[in-house]
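Notes follow once the structure below has been shown.
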Amino acid sequence: MPDPRFFDRAGPFTLDALCGMSGAKLLSPEDRTRVFSDVAPLETAGPTDVSFLENRKYIDAFMGSRAGAAFVDENAAERAPPGMALLVSVEPYKAYALAAQAFYPNPDVVARRAPSAIINPTAVVPDDCEIGPNVVVERGARLGRRCHVGPNTVVAAGVEIGDDCRIGSNVTLSHCLIGSRVVLHPGVRIGQDGFGFAPNPKAPIKVPQLGRVLIGDDVDIGANTTIDRGSGHDTVIGAGSIIDNLVQIGHNVVVGRCCILAGQVGISGSTRLDDFVMIGGQGGLAGHLHIGRGARIAAKSGLMRDVPAGETVCGSPAVPLTDFMRQTAVLQRLAKKKGRS
Amino acid sequence: MPDPRFFDRAGPFTLDALCGMSGAKLLSPEDRTRVFSDVAPLETAGPTDVSFLENRKYIDAFMGSRAGAAFVDENAAERAPPGMALLVSVEPYKAYALAAQAFYPNPDVVARRAPSAIINPTAVVPDDCEIGPNVVVERGARLGRRCHVGPNTVVAAGVEIGDDCRIGSNVTLSHCLIGSRVVLHPGVRIGQDGFGFAPNPKAPIKVPQLGRVLIGDDVDIGANTTIDRGSGHDTVIGAGSIIDNLVQIGHNVVVGRCCILAGQVGISGSTRLDDFVMIGGQGGLAGHLHIGRGARIAAKSGLMRDVPAGETVCGSPAVPLTDFMRQTAVLQRLAKKKGRS
Amino acid sequence: MPDPRFFDRAGPFTLDALCGMSGAKLLSPEDRTRVFSDVAPLETAGPTDVSFLENRKYIDAFMGSRAGAAFVDENAAERAPPGMALLVSVEPYKAYALAAQAFYPNPDVVARRAPSAIINPTAVVPDDCEIGPNVVVERGARLGRRCHVGPNTVVAAGVEIGDDCRIGSNVTLSHCLIGSRVVLHPGVRIGQDGFGFAPNPKAPIKVPQLGRVLIGDDVDIGANTTIDRGSGHDTVIGAGSIIDNLVQIGHNVVVGRCCILAGQVGISGSTRLDDFVMIGGQGGLAGHLHIGRGARIAAKSGLMRDVPAGETVCGSPAVPLTDFMRQTAVLQRLAKKKGRS
């Protein structure tokens, strides 16, 4: 079970209730009143734990699991060990996520302002916010209702934040407007100057960075990620987008709705992503590009050109996936010939 | 116009004045007394805004712009929409930068020491500095005149900082000597131990890191960038160099004057860059290399060898640009053949 | 000599004593009573300094050095300048490291609790710890004996830390159990949510992250590195492992004992490294992989598959080193042909 030093559990729940909240269907309706007290991975789950199988790589763990119940897709059902109740879903991972949220809801925000927090008198911080020790909120900043701000975080002058945001510790926010239900992990930096310099013999000349960062609702941003403000236009992160740790987003970048950027991705200035774009870990995008809706950029790609909607690209310089696979295959064949000769 | 919650505007200025400060020339001298109140991007500028065109990708935006004036090069002049005053320069982006600095000068440093700042009695912090809340300045550290230090930043024992530096929030400085007019963005880490370990069966043996970090004048360092101190020699960043976000600089690295390192670049220990070197985003350099003056290392390159002055390299392992382009072309042709066969 | 503003020196030591602590042997036993006061790099060392030669790239510096003594291997001995005492070792860098630790031991931890530190009454912080200004230790957290915690660091609820740890400034720790003698550099983030989301049309659904981060003894973690907690299993860093700056470690990753991860490495979720694995700078690993004991993954590699014990891989997608070298050679030859034709 999750370590009680760190996690507070709700429940228990009947399988019937878990089906209700997750949209899954019980394979054997007679299991509906069985009661479960926790979620757990296949390898460690016991008879009162609910688990899940999504990645086929773990089919052996599934077949040997002692979990009392599991979210699965239809095909996995027949491989289940005897006695395991099956919660069938076309999206078992999503169904599990909803059940796990029921067992482990987000901790309530406790209305509280640490005595050491330093809040400028012109800032607006509702009483139902939870403001940690040493938080600094500068002149004219405005927080929404029920926000949680972790220790040692700085909200600079004029920043606006919506309702129900959870902002980690040691975060720095400036020159930005943030939506509701946004999650910012520790060490996030939003709104600092973009990388704008004009070449000059003695030392580059700084171009004033006069835009902002706009963060939509339900955005989640990982630890130590940096998002620069726009140079004239704004830098924009669309609602529902998910950004992992140590990602760099340059000035004027526009990220559409529900995009997913994995760890250490870098996006250069003025590149635009339409909705539902996915970028794998360490992917890098040149500046001034346009990436169409639903395009996928593989991990480690170095992208130098626009990508049409729906296309998957890979490699450095990145090319369509089929081309990349052909290139890789050709190169391997030639190298093998050389090895033999 | 830039959001007044975040930016304070100066001006207005006549075109004559803007020419004076930027070195541009008015195409139609009769425009010289026209008065402008702001700068703005081509797409959003109005009749009293000055804009600019540098990247030809935005020529359509230029032709459709309502900007009252724009910095341009000679060639663009004939594509300008009617009524737009043209400020002609061989370097329109630089000219724009200088004008924008006039409209939006750096905010004055306000002599102020937050009551919550913790400054060791042996540290030197001039009265004209602006020291934010919860700043920690340890034993024997010395700041120059008119420095701005953001909230929750730590200046460790013995660190020296020149005049007119702007240091962001949540920064950590140790074992370093910093010049004047240096800008450090939030979350920068300077002076921590380098990655020095001797192999050993039980656990690697730490090699004491006994050097410093020396930062020249007019250096600008991006958010969450890390610069390790030297192991015996110093790590050095030359005057006028510009370093973007999330860059990693290893121990004993020497960066020359006016180098430009884009986001997520990594430079391994003891590599030396001469002056005016440029490295594109996510470029990685092995250790103990020498990069000649004015060399350019393309984005995403993996560099394993020295680079002579003035050369451009690309790829991983990085090769001269011409070779890289040939390699890419050959591979694409072979892959295409394979696709057809 | 190392800058006395930053470093306190012990000693002096006789060569006899230095041999005793480092395991090196004096080439000329008559030198045993000579006394040395410091360590220094070959280029700057003087007659009372001890230096070392390990990398043959620096043989010229060695031959021209004024160092009074140097750690070397047998082969280098005959190239030494006259008068230099030679401390011969099969591992001269390791021997130097041990001697340098004697001259520059870690500063003692001074039992002290800054008045501005905010320590929850239910937390356990022994009196012999050194707790910097503005440190926050939350409910139920426990520190071991003689820990040093730098300014503005946050130790969240329930975290446990062993003895003799050195934790830098502006660090954030949550949901983790940390061993003894662990070193965490500034800006490290440990224990935040992993990147767990189930796809969903409106906005991805967050999967509760219910595991922890377990850090073994003698681990060293670089500045601004991020380690996410497990999703159900724990994320684990094995004893004696060394992690450089700006590294990203995803949820459920298991790193074995004495692994070495260079700067900006990224490891995706649920990948397992056995003991003694090395990953070069900017190396990226896909999720759910297994890397065998002692495997080496070259800098900048993009790894998509398991790696057997002892194998060295390189490239993106990464292949065994021999294959990579063949691929590179073939491609260069073909490109050269094209260039000539």
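By letter and in written order, the chains are A, B and C; residue numbering begins at 1 in each of them.
Please note the rule applied: contacts are C-beta pairs under 8 Å (C-beta built on N, C-alpha and C of every residue); 3 or more make two chains touch, one makes a residue touch a chain.
From a predicted model like this one, the values you see are computed outputs, not experimental measurements.
Shared contact partners of chain B and chain C, listed by label: A. Rotating chain A by 120 degrees superposes its CA atoms on those of chain B, with the angle stated to the nearest 5. Although chain A and chain C share one sequence, what matters here is the overlap of their interface residues, and that overlap falls short of half of the numbers used. The distance from the centre of chain A to the centre of chain C, each centre being the mean of the chain's C-alpha atoms, comes to 28 Å. Across the assembly, chain A contributes 116, 134, 152, 170, 187, 224, 246, 264, 282, 316, 331, 334 as residues in contact with two or more other chains. Across the complex, chain B meets chain A through its residues 2-3, 5-7, 39-41, 43-44, 55, 57, 91, 93-94, 96-98, 100-101, 103-104, 114, 116, 132-134, 150-152, 168-170, 183, 185-187, 218, 220, 222-224, 239-240, 242, 244-246, 258, 260, 262-264, 281-282, 299-300, 315-316, 328, 331-332, 334-336, 338-339. Contacts from chain C toward chain A in the complex involve residues 116, 118, 134, 136, 140, 152, 154, 156-158, 160, 170-172, 174-175, 187, 189, 192-193, 195-208, 210-212, 224, 226, 228, 231-233, 246, 248, 250, 264, 266, 268, 282, 284, 286, 288, 302, 316-317, 319, 322-323, 326-327, 329-331, 334.
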